[in-house]
Each structure stands twice: as C-alpha cells, then as structure tokens.
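Next come two complexes, and both contain subunit A; in the first it sits with subunit B, in the second with subunit C.
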Partner chain A sequence: MSDLLEVGDLHVHHGKRPIVDGVDLALARGEALGLAGESGCGKTTTALALMKLLPASLEQSGRVTLRLEGAEEPINIEKRTEAGMQLVRWRHISLIFQGAMNSLDPVQRIERQFAEAIRLHEPEARSDDVRERIAELLRTVGLTPGLGRRYAHQLSGGQRQRVMIALALACRPSLVIADEPTTALDVVMQAQVLQLLERLREELGLALILISHDLGVLAETCDRIAVMYAGRIVESGPVERVFATPQHPYTKLLLDSLPVIGGERGLAPPIPGGPPDPSDPPPGCRFNPRCPFAAERCSAEDPALREVAPWQAAACHFAPWSEWPATTGAEAGSAR
Partner chain B sequence: MAGDDGRRSGVGAMSESPLMETRDVAVQFRVRRGTTRAIDGVSLEWRPGEILGVVGESGCGKSTLARALLGLQETAGGDVVLHGAKVAGKRDFRELRRRVQMIFQDPYQTLNPRQRVRAIVTEPQIVQDVAREEHEGRVQRALVDVGLEPDQYLERYPHQLSGGQRQRVAIAAALVLEPEGLICDEPVSMLDTSVRAQILTVLLSLQRSRGLGLIFITHDLSLAWSLCDRIAVMYLGRIVEEGSARDVIERPRHPYTQALVDAIPVPTPGGGGARELLSGELPDATDVPTGCRFHPRCPKRFEPCDRVDPELYPVGGVAQKAACLLHAPAQGRGADV
Partner chain C sequence: MNDGSTRDLLLHSWRGRFGLSVLGLFLFIAAFGSLLAPDDPDASSTEVLAPPSTSHLLGTTEQGSDVLSQLLVGAQVSIVVGFAAALISAVLGSVVGLAGGYYGGWTDRILDALENWFLVIPTLPLMIVLARLLDPSLTVLIVVIGLTSWAGTGRIVRAQVLTLRERSFVERARALGASDTYIIRKHVLPNTLPLIFANTVLIIAVAILSEAALSFLGLGDPTRISWGTMLESAFSSGAPSAGAWWYVIPPGLCISLLVLAVTLIGFLFEEHINPRLREAT
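Entry: the complex of A and B
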C-alpha cells in the first residue's frame, strides 16, 4: 500500500539562502515519525512547509503528496493554491505547535472555538451534532465536556494543551504534526500528553509527525526517527535501530549526551561549537567541523544520505560504523 | 551546626557547616480567595561546594524558595541562615547577595539590552562597592572562566550573542563578585542539547575550580540526577523527599517522587513500558489538601493520609528522608515500600 505522505526533495529558501536543503520523507498510515534536531536545523520549517504555512518571505519547492485512504487521486500539496490548502489544513493535516496552548482565543468560550473549526469544513452540520462532537472530542483527550463552557484563562496549562490537541482532531484528520507539543510542560503532564497522543494514534489510526529536540520523548512515541542537521536529514531509520546503532556521528553524540538513570552519573563531553547556519554551511560534510571522527575527505566531499543498514540511512562517508572509535574527550566549554 | 564559623570557612573547603540553610521558611501571597501558601515550612541545608538539586513540577514553589533564599521574596515565617548566622535586615541580605548569586532561565530577559557585555559584567561590582581598580581584572577573569574570550566579547550587546553565549555572560556577571554559591533557576531549559551541555560543563568546572556551591532548580529529573550531590523534591510548597541524588532518583521512597521518576521519558525505545501516570494536576496552593498534601493524587494512600500531615521521616538511604506516612515509625508499615 502506498504511503500516506511523501515528501520529495523539499527545499525552503529565504531569498537565495537555503533553510531546508533537500529533505525526503515518507510516512505510512498510522505511523509515527519523529523529527529530531537542535533549533535552527529546519525541523519546524519542514513541518510548516508540509502545510504550506510558511511566511511569505520563504519560498518552498519540492513534492509533497498526500494519499488519503479511499481517495482516487492523491493531493499534490505543492500545486495547491491557498484556497485549495484551506480544504486540506485541519481537515486532513492538522498542526499542534509549541506553545499552542497560548494561542487559544482569550475572549471566546472553548466550545465556540471548536464549533468554528468544525463548521469551517462542515458548514451544514446541525448544532446538536456539533455539540455532541465537541463533547466527544473533549472526552477523547481526557477532559470533562463541561470545560467547553470555560474561557482559556480558566484552564491550566495542561488542560489548554489538551484542548489544542482536541482542536487538532476536530475534523478527523489523517495526519497530525506536533511541533514540540510537550516542551512547555512538566514531566508528569508531558507523560500524560504523550500517552494521550499514543492512544489516539491507536484508536483513530492517526499518523503523527512529532518534532522534538528531546530524544527521550521521540524514543517513547515514534516508530521511525529522522535526525536533522543544518537543513538536511543526516540519519533516519526505525527508532530501535537508530538508538541502538546510530550511524551518523551527530546522532551518536546526541545519544551519548543523554543521561541514563542508574548508569554512570556526570556529564558527557559536549559537542563543541554550535550548528552552522544552513544558508552558509561549511564545505564538505556539514557536521565535519564539530565531528570528532572527521578525516580529510569530510571537508572536501559532501556525503549523500544513503542506506547503510537495512531500513537505516545516514549521510556519513564512513557509515556503516561497526564500532565507534573512542573520542579524545571533546574540547569542553569553549564558546567557539 | 549553628554559630560555628560565621566567617568564610575558606572557599572550597567541604566543611560540615552549611553555606546556607532555611529553617521552617514560609512564603505566602494574599489573593482574592484567601492566602496562597507558596512555601509552607521548608528546612533545607546547602553545604559549601555542594551541588543541590531542587526539583518539582511548575508551581511547586521551587523558584519562590530560591527567591526567598536571597531575600528577594518576603517570608511569612522562618529563618534564612548564612554560615550559621541568621540573615535579617537589608544589610545582611545585601551582604548575602554578594556571597550568593543567582542566574535565571532566560538570560535575554535579565541582561540589559542596551548594555555591552563589559558594562553588564562590571555593574555588580559597582552595586557592591568593589574597589575600582579591581573591576577590569575581575571582568576578564570571569569571562575567561565561562569560556568567552574577553577581547571578542567585551564590546558586544546581548542581541549580538547566541542563547548559550548570553547565559555565559549571565554566569560571568554572577561570578564577578566571587560568590561562594550560585543559585541556577532552570539554567539550561531553554537551550539546545549541545549548548546546554556546554553551559553545564562551565558550571561544573566552576564548582570544581572555585569550590562554588550550586543549587539547580529544575523540573528535569535526569539532569538533577546526573549533576547533583543531593536532591530535594518539592510538592506544593513542601519538601517531600530529600537525599543523595542516587538514592532519591534510583530508589525513591515518596510516592510522588516515584511518580515523577516514572514519568521521565526513557531514551530506550519501548523502555517507558506501561507506566501508571499520576492523574490530575498540582492543586492550587491556596487550597492545600488536608493531611498529606499529596493524598488526593497518591496511588498508595491509606486511612490516615487525609488527616495526618507527615513529617520528613528517615528512610533507606544515607540521610534520605521522605514525608510519607508509609515511612512513619509509628505506622508499623514502614520500610515495606
């Protein structure tokens, strides 16, 4: 069966400066894909491009194809006009973004905001049905329907985040993109929200793109993971494989920096420096100036993302790595 | 412990007398519906050179506690103690704020956007009357210590710095008074993985090289586990568990700590397993539950929990304590959890 979403050679430019530089993605129905990477790597830009929600100053190119179940023709998002996109957004793909809980309308009751979202796509819906749908949506995310009568400021942060998730589900989309949905939340609330997303995925057959810089969150929630660096995907594969046997030095170092409770305490040596500006990447491999394993070739040739193990791809000249050489303790603490 | 060694005990010496203590400190806010008990009787010790973690959900009072420690927050009761001597009055707190500094989550909000790095790092010395001829040398030293090349950064403005560099400047400004302690309120929660590791490395090397005591206020339990010597867990204005980092996180005794630890995302696929999550949210501190304040959410509550307010009882680990009736000596149910 063909994939729900296919992204081919996605580029996003700001004038002449690339921000996303050739991203390919595929997502099956009901699958959860994690998009990892540090801020500025292009993960949010990628997500917005999938919904054509980029600000006018950014230009996108590349294929974004959505194949809905039962539909004869795929939806070619890249060819859609703004009017055409309005039929897709919320109805087929919806977005929960970071700090979304602060984007509820402060002067309208919660239920009114739901009704608007539902009516946008089903103008004919009867009031009774709409009311029933809202109650059901609120129950789905573990809130009592009575909460619909309230205003946003009368809800706690966790409740607001749940309302946003329910809103994203209002039109029964096939794909939900969640951009750092739990970053502003505490551990307990974060675990509750992640468990909720997982349950919804099971119950509604929802596909999910989860964007997070927290690899722990992705490990728990996703089937597959793609790691982005400076506007590109540098590694992708099934979560178990990528976590057990990372094939890109960047992934490897990110994973090493995670504390494993019960193991050795202390700090792993930080990756020196910071990520480059995607519009002005270093020559060769974009990670080479920070890579402890870099060789001469790495600053000369740009490695392509290629399959280096079953289902697992990495953009590194030396992949597959069967064994990682010991790092010589990355230089610590420098701001360069 | 009180009274001995009121003067500096030599920075870095791991003397037994605490750098700071709170004794039954309370902080209250008047609100329309009554009184919010933001801090409700907290006694805590912070030893010289020690890295102490204060963890809990947002709203549990951990940041308020930090502010109370520095006299930035008026207390409704209890004492703040510096090297065994009670801190009272403006002069004492001014002296305290020279010896103990604080950095915040978002350095962009605390750095004056119109000041250059040089002015930002110099200013605390003016406020605290450090001799003028020392200023330049101390600024240089502080910047070097946080890994910023003075020549490159002295003349920059905050907007010309990255998030990590701004946090380094904030740390440098705190260091310039050569404090004995640094209270860090969520110092890295806004930073990316690689930058946060760099900032933490800076803080740890300062702890080692200067014998600086650190308090990490954070909701990130794995961070607290990896860096802290001791951890205190707060819930609704109280400390509900404290002990060594390993004991508290690897062998938590309070059901609340157990639930927090259980909620940490595990960086092993499938490692989270089927966990039982705490239901509900942190109650409003205006309306603290009777008895044990955690009982309405507690999966292990039993008969007296809604009536009896537990103290911190000694439990398994070295100097580990938990405020849970399961561990109360008289309950006869101790030690089975």
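Entry: the complex of A and C
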C-alpha cells in the first residue's frame, strides 16, 4: 500500500535564505514519525509547510502528496490554492500547536471552538449531532463534557492541552501533526498526554508526526524518527535502531547528552557550539564544526542522506559506524 | 470582559455612578424632553430676556421663548448626534484598522497614510469646511463629525490587530481551514471589541462637543434647537453683555455635564482594558 504522506525535496526560503533545505519524508497510514532536533533547525517550519501555513514572508517549494484511503486521486498539496487548502486543513491534516495556552480563543467558550472546527468542514451538520460529537471528543481525551461551557482561562494547562488534542480530532483527520505537545507541561502531565496520543493513534488509526527536541518523548511514542539539523534531515530510521545504533555523529551526541536514570551521576555532556544559521551553512558537512569525529573530507564535501543499514539512513561520510571512537563531550569541547 | 465585572466596574466607583446617573438623566430628557417642556420652545412672547421667575423657571430668550423648554428639547440633538456620529466613527475606524492590521502590506500602507492624514489635519476647521459645503441638517452634522473622528479608533484597532494576528489562536483558525474574512469576523473582531467600545464611548464625548461647536458657529441644523444653537442665539443677541446668565449658563453647563459623564464612563472602560492606566488613579 502506498504511503499516506510523501514529501519530496521540500525547501522553504526566506527571501534567498533557505530555512528548510531539501527534506524528504514518507509516512505510512497509522504510523508515528518523530521529528527531532535543536531549536531553529526547521522542525516547525517543515510541519507548517505540510499544511501550507507558513507566513507570507516564507516561500515553499517541493512535493507534498497526501494519499487518502479510498480516494483515487492523491492530493497534491503543493499545487493547491489557498481556497483549496482550506478544504484540506483540519479535515485531513490537523495540527496541535506549540503552547496550547494561546491556541484557544480567549473570548469564546471551548464548545464553540469545537463547533467552529466541525462546521467549517460540515456546514450542514445538525446542532444536536455537533453537540453530541463535542461531548464525545471531550470524553475521548478524558475530560468531562461539561468543560465545553468554560473559557480557556478557566482550564488548567493539562486540560487545555487535552482540549487541543480533542480539537485536532474534531474532523477525524488522517494525519495529526503535534508540535511540541508536551513542552509546557510537568512530567506527570507529559506522560499522560503521550499515553493519550498513543492510545488515540491505536484506536483511531491516525498517522502522527510528533515534533520534539526531547528524544525521550519521541522514543516512547514513535515508530520512526527523523533527526533534523540546520534545515536538513541527517538521520532517519526505526526508533529502536536509531537509538541503539545511531549512524550520524549528531544523533550519537544527542543520545549521549540524555541523562540515564540509574546511570553515572554528573552532568550530561552537552554538544559544544550552537547550530549554524541554515542560510549560511559551513562548507561541507553542516555538522563538521561541532563534530568530534570530523576529518578533512568533512569540511570539503557535503554528505548526502543515504541508506547505511537496513531501513536506516544517515548523512555522514563515515557511516555506517560499526563502533564509535572513544570520545567524550568534554574532549570534544576542548578540541574546539 | 464578563458581565459581572462590567457591572461592578460601573457601580463600584463614584465616577461610574456619577457618569451613569448623569447620562441616564440626559437620555431620559432626550427621549421625553418635548413632553416635559412646560412651554412650546419656539413660542415667542413679549417677555424678552426676562430673568428666572415662577412662570419661566430659567427665564426667557431674546425672542421671549422659555429657556427651560429649549434646554429640555435641545438635549435630543446632542444625544442623537453624539451617539450616531460615534457609531459611524467606530464602524469606519474598525473597518480601516482591521483591514490594515490584518492584511498588512500595501493595504496597510495606504490605510495608514489615510489615518495619519485625518489625525494630522485639525478636525474643527475640516468639519467647518465640510459642513459649509453641505446644506446644514442633522444628518450632515452626524456624517461630518463621524467622518472626521474615526482615525484614532482606526489607529488603536490596527495596533491591537497587529498583535492578535500573531497570536496562535488566529494561526489555529487558519489551520482549521478558515478564510481571512471568517477569521477577522469570528476571532479578530471579538477580541478587539472591548477596545473599540471603550474608545467609542470617548468619541461620543468628542462628538457632542463638536456638535455644540458647529452649532455655535451657525453650521448646525437651523430648524432644530440644540444646546449649541441656544448658545449661538444667546451670543448673537448679546445676552452675556446684557447680564442674561440664565440664557448662557444652562446650555453650557448641560454640555459640560454630559461630556463629563460620558468621558468618565469612557475612562473607566479604558482603564479596565489597559491596566497600565490604573496606577494613575
């Protein structure tokens, strides 16, 4: 069966400066893909480009194809006009925004915002049915339907996040994009929200793109993971494989920087330096200035993303790495 | 703004209570003034510029008409012009501010230039010119005042829309598949409404004053009695130098009281939505 979503050579420019620089993605029906990377590497921009929601100052190019179950013709999002996109948004792809606090209209009751989402796509829906659906959506995410009468400021952070998730499901989309859905929540709420997302995915057969800088969050929820760096995907593959045998130094260092419960005490080694400006990348491999394993070739040649192990791709000249040279964050830091 | 706090706001401060009572009184007079008037306000008599007495509580005019009756009937013009002109101004200002702030780009630049133009031009001379060009009538007064007072509202609305546009609930509405006009109607406008409302209340005061000023300059509706036209006749007939204070002070005081009441209410609303102003009190 063909994939639900296919993204080919996606570019996003601000004037002449690239923000996202050639991203390819594929997502099967019901699959959960994690998009990882530091702030500013283009995760959110990529996600917004999938729905053509970028601000007017950003220009996007590249193929985005959505193949709905039962539909004969695929939806070519890159060819859709704004009016055409209005039919696709939320109906087929919905979005859980970063920061649920500001994503709810402060002067409208919660139920009205659900009704809005439903009515925009089903204008002829009967009020009774709409009310029934809102109640069910709220129950699905573990909230009492009475909450619909409230305003956003009367809800707790966790409740608001649940409302946002329920809202994303309002039109029964095939794909939900969750942009840092747990960032503003405490650890307990985080775990609950992640469990909820996973349960909903199983029950409703949703495909999910989960964006997070937190690899722990992605490990728990996703089937596959794509690691972004400076506007590109540098490694992708099944979650277990990427976590067990990372094939890009960036992924390796990210994983090393995770604290391990029960592991050695002390500060997790950070990755030295900061991400480059995607519009002015260093020559050669974009990660080479921060890479502890960089060789001469790395600053001369830009490595392409290629399959280096079954199902696993990495953009590194030296991949596949069978064993990582002994180096620590501290050494890498002093090497700079 | 929820209802409970709006009620508290108006009833739990002396400014709110004073403003509401005075405005309420004048609204009542505007509605029933002609029934309350003891005499026909246009009736002339031989008792010219007579001081207050039991038959004429506030004395008479240079035509021998009853000042109290004119005062009661004149309230209507002030109130009607004030509210109607403020409404025009609110609608114009909101449309221009919403369109400019939301769409940005050239739309904004052109509308912004227009706003600046109206803000910079001295309003009273512009009103005088416009009122002079058109035949004086109540409608002309309302339109002229409305047309010259919207720029401030437009400016404030635009600023608010600029911040709302970037809020993520507006982005979410777009992600829902909503069109621009839908987003403006359902999300941006409702979130700007308190601001428009507070500002419009203040515009009412300006409009009442403008009506009085234009009428005083003889540009009002000659067929209707208003406080402004009363002052005009008083001055042209030499009432102040004749010592006929009863002809000058009542309309002046009424204008001041009404404007004061509306302004106090307007300030209360403005403070409510802009907490930074609260320190001043």
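Everything below uses one rule, namely that the second predicted complex is superposed on the first by the 326 of 336 C-alpha atoms of A that agree within 3 Å, B and C clash if a C-alpha of one lies under 4 Å from a C-alpha of the other, contacts with A are read in each partner's own complex, and residues count from 1 in each chain.
By our rule, contacts are C-beta pairs under 8 Å (C-beta built on N, C-alpha and C of every residue); 3 or more make two chains touch, one makes a residue touch a chain.
Everything numeric in this text was worked out from a predicted model, so none of it was measured.
K.L.:
Looking at the overlay on subunit A, is there a clash between subunit B and subunit C, or do the two fit?
P.N.:
fit
K.L.:
Please indicate which partner A:121 is in contact with in the superposed arrangement: first for subunit B, second for subunit C, both, or neither.
P.N.:
second
K.L.:
Mind working out whether A:58 is in touch with subunit B, subunit C, both or neither, as first, second, both or neither?
P.N.:
neither
K.L.:
After superposition on the shared chain, which partner residues are touched by A:204: those of subunit B (first), subunit C (second), both, or neither?
P.N.:
neither
K.L.:
Give one of first, second, both or neither to describe whether A:86 is in contact with subunit B, with subunit C, with both, or with none.
P.N.:
second
K.L.:
After the superposition on chain A, what is the angle at the C-alpha centre of subunit A formed with the C-alpha centres of subunit B and subunit C, rounded to the nearest 10 degrees?
P.N.:
Nearest-10 rounding gives 80 degrees.
K.L.:
Per the overlay, which chain contacts more subunit A residues, subunit B or subunit C?
P.N.:
So, of the two partners, B touches more residues of subunit A.
K.L.:
Mind working out whether A:26 is in touch with subunit B, subunit C, both or neither, as first, second, both or neither?
P.N.:
A:26 contacts neither subunit B nor subunit C.
K.L.:
In the superposition described above, what is the shortest C-alpha distance between subunit B and subunit C in Å? Please give a whole number.
P.N.:
14
K.L.:
State the interface residues of subunit A toward subunit C in the complex, per the touch definition above.
P.N.:
My answer: residues 51, 53, 83, 85-91, 94-95, 97-99, 102-108, 116-117, 120-121.
K.L.:
For a test of understanding, state which residues of subunit C touch subunit A in their complex under the given definition.
P.N.:
Subunit C reaches subunit A through residues 167-169, 171-179, 182, 186-187, 190-191.
K.L.:
Which of the residues in subunit A end up touching subunit B in this complex?
P.N.:
My answer: residues 38-39, 156-159, 186-192, 194-195, 213-217, 219-220, 239-240, 243, 253-255, 257-262, 265-275, 332-335.
K.L.:
Spell out the part of subunit B that touches subunit A in their complex, as residue ranges.
P.N.:
Against subunit A, the touching part of subunit B is residues 57-58, 147-149, 162, 164-165, 168, 192-195, 197-198, 200-202, 204-205, 219-223, 225-227, 245-246, 249-250, 259-272, 275, 277-278, 281.
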